Every structure is written in C-alpha cells, then in structure tokens.
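Next up: some structures, all given as structure tokens.
Common to both upcoming complexes is subunit A, partnered first by subunit B, then by subunit C.
And now, the complex of A and B:
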C-alpha cells in the first residue's frame, strides 16, 4: 500500500512538471524543469526496485543531458511567447492515443504480479545460474555485459555515430544554405 | 507521455521540441520498468536474505535506451544550434516566413 502511495505521489509530481514545461517560455527554466523531471523519474525507478536504472538516469539523464542543454540554451536567444501551432489536430491525436493506451493497459497483468508472462521465460534461469557462471551478485551487470553483450556493443556504436554527427554539425561552416541566405539578405538592403 | 507528444507538436521553439522528445522517451522507460516490478521483491542483487527479485531484463534494456536517448538529444541540440547559426532564430514560424521571402 505504501509503495503505491509513493508511486502515485511521484507520478502526480511528474504531471505537474510536464505542465509547467509546457507553459514556460524562458529556455533556461525549461532546461531546469527537465532536470527536475528526470530526477523525479530516478526516484520512481528506486521505488520500482530498479536501482541500476536509477543510477544511470541520475548520472546520464539528469546530469550530462542537463549540462548539454544548458550549454545550448546559453547560445540561443530567449524564447518568445507566441501562439501554439497545430492545436486542434494535436488535441484529437492526444485523446485518441490516450484512449488506445488505456484499453491496452486494462488488458495488462496487474502491477507486481509474480506470475505475469514477463517473469516466466528466461529470467528464472538468469537469476539461478548467473552467480555460478560469473561470480557477480548483481544480475543486471551479468545480463548487460555477458548474456546481452552484443546489445551493449550496438549501443556503443550508436553513441559513436551520434558523437561523429555532433562534431560534424558543430564544426561545419560551409553549408550552402548559409551563404545563399546571407547573400540574399545583403541584396535586400 | 501524452504531454511530451503535445509539446513536440504544438510548441514553435525548436529547443522545446527536443525537450518534449526527451519527456516522451522517459515516460516510455517508466512504463517498461513498471512491468518488471514484482510485489514483495527486492532489487535484482543476489543475497541470502531475499527470496523474490524484480525482473532484471527490462532494467538492462532501459539502461541501454537511456544512454542512446541522451545521444539522440545531443544530436538534436547540435541541429538546433546549426539552425540558429543559419537563420538567427529558432522559432518555426519565423523560419517559414524567411524561407518564403528568400524564394521570391
């Protein structure tokens, strides 16, 4: 019961934060609220027994990503208060998707049910064997580095590609668009 | 999650769109981790005291996904900075009007 109450409280805080991110126009407060959002999420992960995920979310999601966003927001101009675009179609889309999700969630097994199909397939073997195989008590580490090692390799490749993309974007000064645009602007004057 | 989607579609500011994408992702992660919860279980670190553990497999998937998500938003921020360099604004309507003007 206590667990459910804490969870409900944290999720309602998340909703309030999302609403304020939606309302604010100042970029730096949007960034700060996003940091608060991810910290709340890591509290939820601790409550749901996912301590490793909470670590990663607090360090990477709320640390590094907030730093990156602050660095970007420092270079950008202040956000302006102007009209929302596509308001009507997006309300229809949001209502439709929430209806679909509610129907799906009603069909899911109950929260914390130990006989749900997700807990029956490969996980019992992982929990039983991994201590004898790798001598590490943390099962998450065992799966991440050994059973699912190729996933982690793929992840590193993705991050490498993203880093290459960021470097290429930030160092290129010879985009066609820019030169054309600047010329046009000068001609107008 | 719906809130994140709503922010992506309705806000004009490109930085806010990137933030909306991050919120969308995090909501999906919370859903995944909530599937892994077992009532009366503990964190999946093997000890002699505990007799039930939460499911470690979704935790691993989400660990990977969080890091990939940060890489995605870093790439998005770099794109926003480059757009600002070229157009000197990051509001969608203003860029649209500048484009229309330069076509004539």
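And now, the complex of A and C:
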C-alpha cells in the first residue's frame, strides 16, 4: 500500500513538472525543471528497488547533465522567443504515440511477476551462482564488470568517443586561437 | 556573471569545505561498488562534480591549473587503456579476453582484482571526460578577440 501511495505521489509530481516544463519560456528554468524531473525519476527507481540505476540517474541525469545544459544555455544569445507554431500536427502525433504506449502497457507483465520473461532467461543463474563464485555481494557489479564485461568496455569507449567528439568540436578551435595568439605575440617581439 | 559568483564569500567558503568530502565520497562509491550500490560510472561523475564545482566558483583558469587540459586528455585515454589492458593481460595469462579468473591463482581473487581494475578504468575515463566536457562548454567562445 505504501509502495503504491509513494509511486502515485511521485508520478503526479512528475506530471506537474512536465506541465511546467511545457509552460515555461525561460531556458534556465526549463533546464532546472528537467533536473527536477530526472531527480523524481531516480526517486521512482529507488521505490522500485533499482538502487544502482537511481544512483546513476541522480548523478548523471540531474547532476552533470544539468550543469552542462546550464553552461550551454548561458552561451546562447538571450531574448530570442519562439514564434507561435501550428500545434495541431504535434498534438496528433503525441496522442497517437501515447495511445500506442497505453496499448503496450496493457500487454506488459505485472510489476514483480516472477514468470515475466526477463526473470526466466539468465537472471536466475546469475543470482544463484554469482555470490558463491565472486564473493561480491552486489550482483549488479558482477554482471556489469564480469558477465557483461565486454558490453561495459563498449560503454566506456562510447563515453570516451563522446568526450573526444566534444573536444574536437568545441575546444580545438579555441586552443588553436590561443596558440596563434601566442605565435603572433612572439612574432611581434 | 562569473565575477559576481567568485566574489561571493559564501560560495567560495562552502565549495572549499565541500571539495574534499565530495572526492572522498567518490572514492567510497568507486571502491565500495562491490558491496553496495555504485561503481565506476557513478564515482567518476561524483569526482568530476568536485572539480567542476571548483572551476565554477573560482573560474576556469584556476580549474585548469588544478587539472591541466593535456593531463586530463591523457587520463581519458589511460582509463580506456586500463580496461582494455586487463583484457590483454588475461589473454597473455592463457585466458580469454576479459576473463578475470586467470589474473590470480584463485579464480575468485582473480575476479576481485579484475573487477576493481576495470571499474577503476571506467571511473578514470568518466571523470576526465566529464571534466573535459565542462571545460569545452565553458571555454567555448571565450577567446574571440
């Protein structure tokens, strides 16, 4: 019962936040509200006992990405307002997508159903054998680093590549300018 | 705007007090990830948050002296190479790629070593990439003269 009440409370807060994200025009407040949105999501994950996911969501989603969005928003020119656009196509699109999602939700297995497909394939083996074999209580770490070590290597490389891409796009230009600036100064001397 | 922030004594004092505990919490999350929630990804972000807080309050140039850009870039590569290197080492020890059992005479200890090294690699890469992202965003368009 408590679980349901907390979930109901959090999800209604999510709806309120979404409404205000939709309503506000100031860029900074949209960024702040998005941070609040992901923080609420992480509270929902805690309620669902997915502590690792909640931790990641809180650190990455509402922490770092909010800071990066603020930095990006601060670089944008101020005072530009969106023109009123025709909302009709987007409303139709939103209604259609939410109908599809509602139909899909009806076919999903119930929350915590032990006979759901995701609980039948490899998860029982992981849960049974991993603690005796690894002597590491956190099964998530075992799966992340050992059973699925190759996937995690891929994820790390994805993050690395994303960092490289941002550096190549944004920093190299300014660095070149800096070195050119220094060279020019030396030449002047 | 940045001058206003750095001249506020409350922010600079609070960020000075918070800097060390944030890093210690990051290290706790990094190395306690085997026993509780956490791991390389989260720890990397938390450690990066400490450095980002520092350069937000005291300005980019001070942040750059704390973590020089080139060292940050080398560390980005070192994290990925550490992860991939664990796999290569296990190949040389007659195992398969990323098979941690062979890293020690006892398979369970080998798994411990492997997981800690791999998570460390992830943590280093994530932390340095986040710092690099912040620096690229913050310094973008600064030098336009």
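General remarks:
By definition in this document, the second predicted complex is superposed on the first by the 162 of 189 C-alpha atoms of A that agree within 3 Å, B and C clash if a C-alpha of one lies under 4 Å from a C-alpha of the other, contacts with A are read in each partner's own complex, and residues count from 1 in each chain.
FYI, a contact is a pair of C-beta atoms (placed from the backbone, for glycine too) under 8 Å apart; a residue touches a chain by one contact, two chains touch by 3 or more.
Fair warning: this is a prediction, and the values are worked out from it, not measured in the lab.
Look at A:162: by the touch rule set out above, it reaches both subunit B and subunit C.
In the superposition on chain A, contact of A:16 is made with neither subunit B nor subunit C.
Of the two partner chains, both subunit B and subunit C are touched by A:170. In the superposition on chain A, A:52 contacts both subunit B and subunit C.
Of the two partner chains placed around the shared chain by superposition, neither subunit B nor subunit C is touched by A:100. When the shared chain is aligned, subunit B comes close enough to touch A:123, but subunit C does not.
When both complexes are overlaid on chain A, the residue A:143 reaches subunit B alone and has no touch with subunit C. For subunit A, the partner that touches more of its residues is B, with subunit B and subunit C as the two candidates. Of the two partner chains, subunit C is the only one that A:153 touches; subunit B does not reach it. Within the superposed three-chain model, A:135 lies in touch with subunit C and out of touch with subunit B [touch as defined at top]. The interface of subunit A with subunit B overlaps its interface with subunit C at residues 51-52, 56, 60, 64, 68, 72, 75, 137-138, 140, 144, 152, 155, 159, 162-163, 166, 169-170, 175, 177-178, 181. Of all residues in subunit B, only 1-7, 9-13, 15-16, 18-20, 22-23, 26, 29-30, 33-47, 52-64, 66-75, 77-82, 84-87, 89-93, 98, 102 touch subunit A in the complex they form.
Chain contact summary for the complex, subunit A toward subunit B: residues 15, 18-19, 21-22, 25, 27, 30-31, 34, 37-38, 41, 44-45, 48-53, 56-57, 60-61, 64-65, 68-69, 72-73, 75-77, 79-80, 82-87, 89-90, 93-94, 97-98, 101, 108, 111-114, 116, 118-119, 122-123, 126-127, 130-131, 137-140, 143-144, 148, 151-152, 155, 158-159, 162-163, 165-166, 169-170, 172, 175, 177-178, 180-181, 184.
Only residues 1, 29, 33-39, 41-42, 45-46, 48-49, 52, 56, 69, 73, 76-77, 79-80, 83-84, 87, 97-98, 100, 107-108, 111-112, 114-115, 118-119, 121-122, 125-126, 128-130, 132-143 of subunit C touch subunit A when the two sit together in their complex. Residues 51-52, 54-56, 59-60, 63-64, 67-68, 71-72, 74-75, 133-138, 140-142, 144-146, 149-150, 152-153, 155-157, 159-160, 162-164, 166-167, 169-171, 174-175, 177-178, 181 of subunit A are the ones touching subunit C in the complex.
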